[in-house]
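Below, each structure is written out as structure tokens.
Both of the next two complexes hold chain A, though its partner changes from chain B to chain C.
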Partner chain A sequence: MSSISTPTTSGQSRQRPRSRRRVEPIFYFFLVPSLILFTLAITIPGIIGIFFSFTNSIGIGDWEFIGLTNYIAIFSDPAILQSYLFTFGFSIVTVIAVNVIAFLLAVGLTARIRMKSALRTIFVIPMVVSGIIIAYVFNFLFSNSLPEVGAAAGIPWLESSLLANPDLAWIAIVLVTAWQAVPGALLIYIAGLVAVPGDVYEAAEIDGASKFQQLLKITLPLVAGYVVINIILGFKGFLNAYDIIVGLTNGGPGTSTRSIAMTVIAGFNGGDYAYQMANATIFFVVAILISLLQLSLTRGRNAL
Partner chain B sequence: MESVKATRKKRMAAMGLGLALLAGLLSGCTGEPGKETIRFTFSKREAIGFMTKLVADYNASQDKTQVVLDTSGVDVVSASFVRGNPPDIALANYNMETSRFVQRGALSDLSGTQAASRVREDLQPLMDQYGSYPGRTSALPYSVMASSVIYNKEIFAAHNIAVPKTWSEMIAACEALKAAGVTPFYATWKDDWTIAQGWFDYSVGGQVDTIDFFKKLAAEGTEVGPESSVSFQKDFNQPVEKMLTLAKNYVNKDAASRAYGDGNLAFSQGKAAMYLQGPWAFSEIAKTAPDLKLGTFPLPMTEDPKDLRVRVNVDLAAWIPEASKHKDAARNFLEYLYRPEVIDAYNKSQLGFTPTKDSANVPDPRIEGMVEYYEKSQVYQGPSVLVPRTIPIMNYTQAIVFGASPASTLRTLDADWARLAFRQ
Partner chain C sequence: MTKQTTLAIEDSSHVETATVPNIRRRSAPAIERVNWPATTVLVLCAVTVLLPLYVTVSMAFKTQGQAVDGNAFSFPAPFSLDGFIQAWTLTNFPVGAAMSLLVTAGTVLATIVLAAFASYAIVRNWERRLFRYSFFYLLGAMFIPFPVVALPQIQLTGRLGLDNPFGVILLATMFQLSFSVLLFTAFLRSIPMELEESARIDGATTWQTFWKLIFPLLAPMSATVGIFAFLYAWNDFMMPSLIISDPALQTLPVRQNLFQTQFSNNYHVSFASYLMAMAPAIVAYLFTQRWVMAGVTQGAVKG
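Moving on, here comes the complex of A and B:
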């Protein structure tokens, strides 16, 4: 707080001791509305939800406390365990794919090439399209266009829809999610690459380093901070995967692509409020643990 | 400075005007003065036009009650119960969701109404299957939808195939069609609900007594498993195997990547002889092939034609919440809805069956094949809708037709059922 307020404080406040300096009321004015909204829309419902996870409520009517029964049931529920397995596996694979693709694209798009700004614009377009629309378009491509291509080219495994294959449907979800997520990561990488000073490359050039060595030994270490931020933001986003999966497979075939968020919401719709609240509480704890881990990893990095 | 003040004044004036307008709009919603306003929830999309006209007729016919049609849907209704501000009367799909309101006593008793005395008693077990509240008639059926195999009469006639009445006749018909180069069934497995609603429900319902099965299953509760008196793995295994016989040999090649919309189009183009869908598909098929001759017959699962049954669901049921402040006005409107000419006209327009004893509806030729079974109440409700929605049964049925082991999937279903019983 103090570092932010320094430039705005005038001469007279400089004489006062730091600790007793009056905070400009304008900061409260900025903070309080969002604090109130956050409390009303996130914190209070969250606490109510955690409270109900110890009951047998279905969302309406009478309920009673059932202690830890919901939690005990969750740990023996293969459907929920599978949704955790799927969500984490999917997030890890997607985060790797997105960052590799985005980084390579960023290197290309910051190099001296023709039509750089036009290309950058084209690559960023997927970001502005809503996830559910992307999902439905790809759904059509996977179910109709790709099988036709497969049939015409005589590739048997392509002839049936990727989305109808319980073992491969997750690949389709990774592809579409990555297609949407790459632009965001790409922009951050471009910003990072542009910030690398040109003289270090000149020096490397004089020392006789190849382009590949420059990429490995200079570019990568200098944008490491951006890699970390992209991985954190990406992973956090992918854990909440919902809209693209709903549009592509709706959790199917079977239950092979049900994410945690989908399981929780399905419970609400199906009158299983308290049980899925317990599930959401566990997911909340898991998410906090991951955030703490990421915080400790990134602490002290000035690049961020 | 002066000009700033002036614009501020103007702005205030504009704001005041806006507020006044808004207030006018809001008060406009509360209806005509002197009339008691009741809110009527109805969200069946296909029939909103019909219902809008019906409500307008009712409002014009008397000057005590003003009915306001609310088409905002099921989720809003659930939320309104939570807030203690439910609609005054509703016609809604009768299912597991509505049964929650029934079981927790949120719906008022309708047993004293004239409408209740005219409802067919043999349909009561279907209503009770979703649970009841002691001493109350919480909801009355308004429109019953029957569904079974839809078949293309032209294709059947062209290949001299009669409507099959037994399982072996069914297989013979499929073989004959296949030999003639016709796809027997058009399947749309990309949409899991089409498997649950058609393939799974018709197969199981045609063989298992679902009322008895689910009653015993509920009694077993946490004990459901290989040792219990009834279980999915024991009682559903054979019907599911038969379903797979049909699903593996007699469907279109691209079934796995076809969706409901694709199916309606393909079936209207005569790409298959049979289609496992409900009556709602007729209007969709008619969009591309208005003159196609279609019929219906129950899917035979046994060797005895006496076992033939059609799947029904209470597409609409009427109920009046306990928390309504206008119960008398709502009950008057309920009686209007149940007038023979009104309820018959509604069901005729939606290809539904009227659940009253005095119905004089002549069924549409497309659903004629199901009339005799409905009249004799040889009907069942689909097992897929009797399983609480929190168990992803639609996904499970999809997994089975996509190749998952039926035995292990049905075991999972048993375990899910027992786990749900454990925590509720």
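Moving on, here comes the complex of A and C:
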């Protein structure tokens, strides 16, 4: 019975007496289908993609090895550099916006407020709505309703559609992406805030700390681990931005809001298959680097 | 035996209540000042969240005349179902809904079954290298964005005759597998071995133990894994739009691009169509909130 009181102990320690026995065949039946399908669906396409990034293939027909030519060309391709610049800039702005909004909302939702559960239900809804469809809805609002508001209020840069302005269209993309990404970060912050023991605040209160000081000096340091998680999870997600941009601007005006994902996918129709596979490979390396950063920053934070 | 079962179940419900904050807060002193300023600000924020959804609903019920008059925020007057009737035939809604349903049901079922199978095998044979390495191998997909492997996947699915909803089910399941295996394995490690051993003494095979004992115990995790697979498969645009080659077999989100190219001024029709495509996910969420909320927190903390 004593082992039940510590249910988080991993299974392997209890299994030691059985470890010399043969693995029951049924366990291979449980595991192998997933391994085979996973290899077929993800590993093999990944290897094929990396392989063709060193060729001049256009997706069909003959091809030959051209070494690193694709990679060298990518680093001097303004269209690709622009897509990286846009995607990273957009991701950084969105990550900041999402985390500030989500943190403040989480502080509010864990305060002594009315309608707590109804409000939380509402704030999570954007997470469950299809990105492309809500982007179409916002597209309508940005192209039709917002210019009317701008005209009525006499704000010149709002009188025409944000989406048609190459310098401002990214703001619309940040707004809609943040609208949809806040709930995920919010739920993680709520979990973090609830874990902060209440007596810490009582002690601070007795010492005369103001609410704002408590927020800055107690709450923020205690949920720092959650901030790191949210920033990295968010950043990883935003780098893949596709659906919302397709629904809002489709990369336009011109190519001013084209994300990395959109550039890669365009290679399927554009005939530069191998070239975009080199682009995808570089993107993959970037994703791995960010994931390694995540692992190194969150390791040892098991207390969360 | 039964006592141990309830203990294990209690442990699982503990995992969830930890993410539902108001229970703990309610144990605070009975006479609390309600923070009205915060309540007001949050209600205003909630209105911002709901505004686009309100516009979607109100536009969908307008007549064509009212829909083009430019005021997106007005109430529909008179109420009209004309938008829904036209959207139904224009997007071929029954077929689109059937495709979305097929892709979603297939992805949910395949994800729960494959992930539960694999997780059980991995946790019970952790001391074997093959099973341990398989865990990290399956988790690898969390580091691979879909766009990276999309082009070869389009080619391969085309060549294998999987450029249809079944190909989407396969790929979507594989991308959901890492998150799901992560949740299942963490949970399985908390199920005491003694439970299984008593089933073994009663003469149950591994197969029977899995279905009669382990799988029912996994139910709360299966709910979380299932609802996330549902939301992903139902809402996704990118994967079906690239993998499914025949437009007649497309899912609902992909069909909405019809209104970007043609019929772009029939706003009541397009919004009725958006509403019909969005509503099932929102309704599913309203009924399964606690698992959605638990899944976000657990996925983040364990990942």
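As a working rule, the second predicted complex is superposed on the first by the 267 of 304 C-alpha atoms of A that agree within 3 Å, B and C clash if a C-alpha of one lies under 4 Å from a C-alpha of the other, contacts with A are read in each partner's own complex, and residues count from 1 in each chain.
Convention: a residue touches a chain if its C-beta (ideal position, glycine included) is under 8 Å from a C-beta of that chain, and two chains touch if they have at least 3 such contacts.
Fair warning: this is a prediction, and the values are worked out from it, not measured in the lab.
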Partner chain(s) touched by A:Asn144 [first = chain B, second = chain C, both, neither]: both
Chain B versus chain C as contact partner of A:Ile42, first or second or both or neither: second
Contacts of A:Asp243 with chain B and chain C, given as first, second, both or neither: second
Chain B versus chain C, judged by how many residues of chain A each one touches: C
Contacts of A:Pro253 with chain B and chain C, given as first, second, both or neither: first
First, second, both or neither for A:Gly59, with chain B first and chain C second: both
Which superposed partner A:Ser117 touches (first chain B, second chain C, both, neither): second
Which superposed partner A:Ala79 touches (first chain B, second chain C, both, neither): first
Contacts of A:Gly267 with chain B and chain C, given as first, second, both or neither: both
Footprint overlap on chain A, comparing chain B with chain C: 59, 144, 267, 276
Touching residues on chain C, where the partner in the complex is chain A: 4, 7-8, 11, 18-19, 21-22, 24-25, 28, 32-36, 38-39, 41-43, 45-46, 49-50, 52-53, 55-56, 59, 70, 72-73, 114-115, 117-118, 120-128, 130-131, 134, 137-138, 140-156, 170-171, 173-175, 177, 188-194, 205-207, 210, 231, 234-238, 242, 253-254, 256-257, 259-260, 267, 270-271, 274, 277-278, 281-282, 284-286, 289, 292-293, 296-297, 300-301, 303
Chain C contact footprint on chain A (complex, rising order): 3-4, 7-12, 14-16, 19, 23-24, 26-31, 33-35, 37-38, 41-42, 44-46, 48-49, 52, 59, 105, 108-117, 119-134, 136-138, 140-141, 144-145, 148, 179, 183-184, 187-188, 190-191, 193-195, 198, 229-230, 233, 239-240, 242-243, 246-247, 260-261, 264-265, 267-268, 273, 276-277, 280-281, 283-284, 287-288, 291, 304
Sites on chain B touched by chain A in the complex: 78, 81-82, 96-97, 100-101, 104-106, 189-190, 192, 254, 256-259, 388-392, 395-396, 398-399, 402-404, 412, 415-416, 419-420, 422-424
Residue numbers on chain A that touch chain B, as the complex places them: 56, 58-62, 66, 69-70, 73, 76-79, 142-144, 147, 160-161, 163-166, 250-256, 258, 266-267, 269-272, 274-276
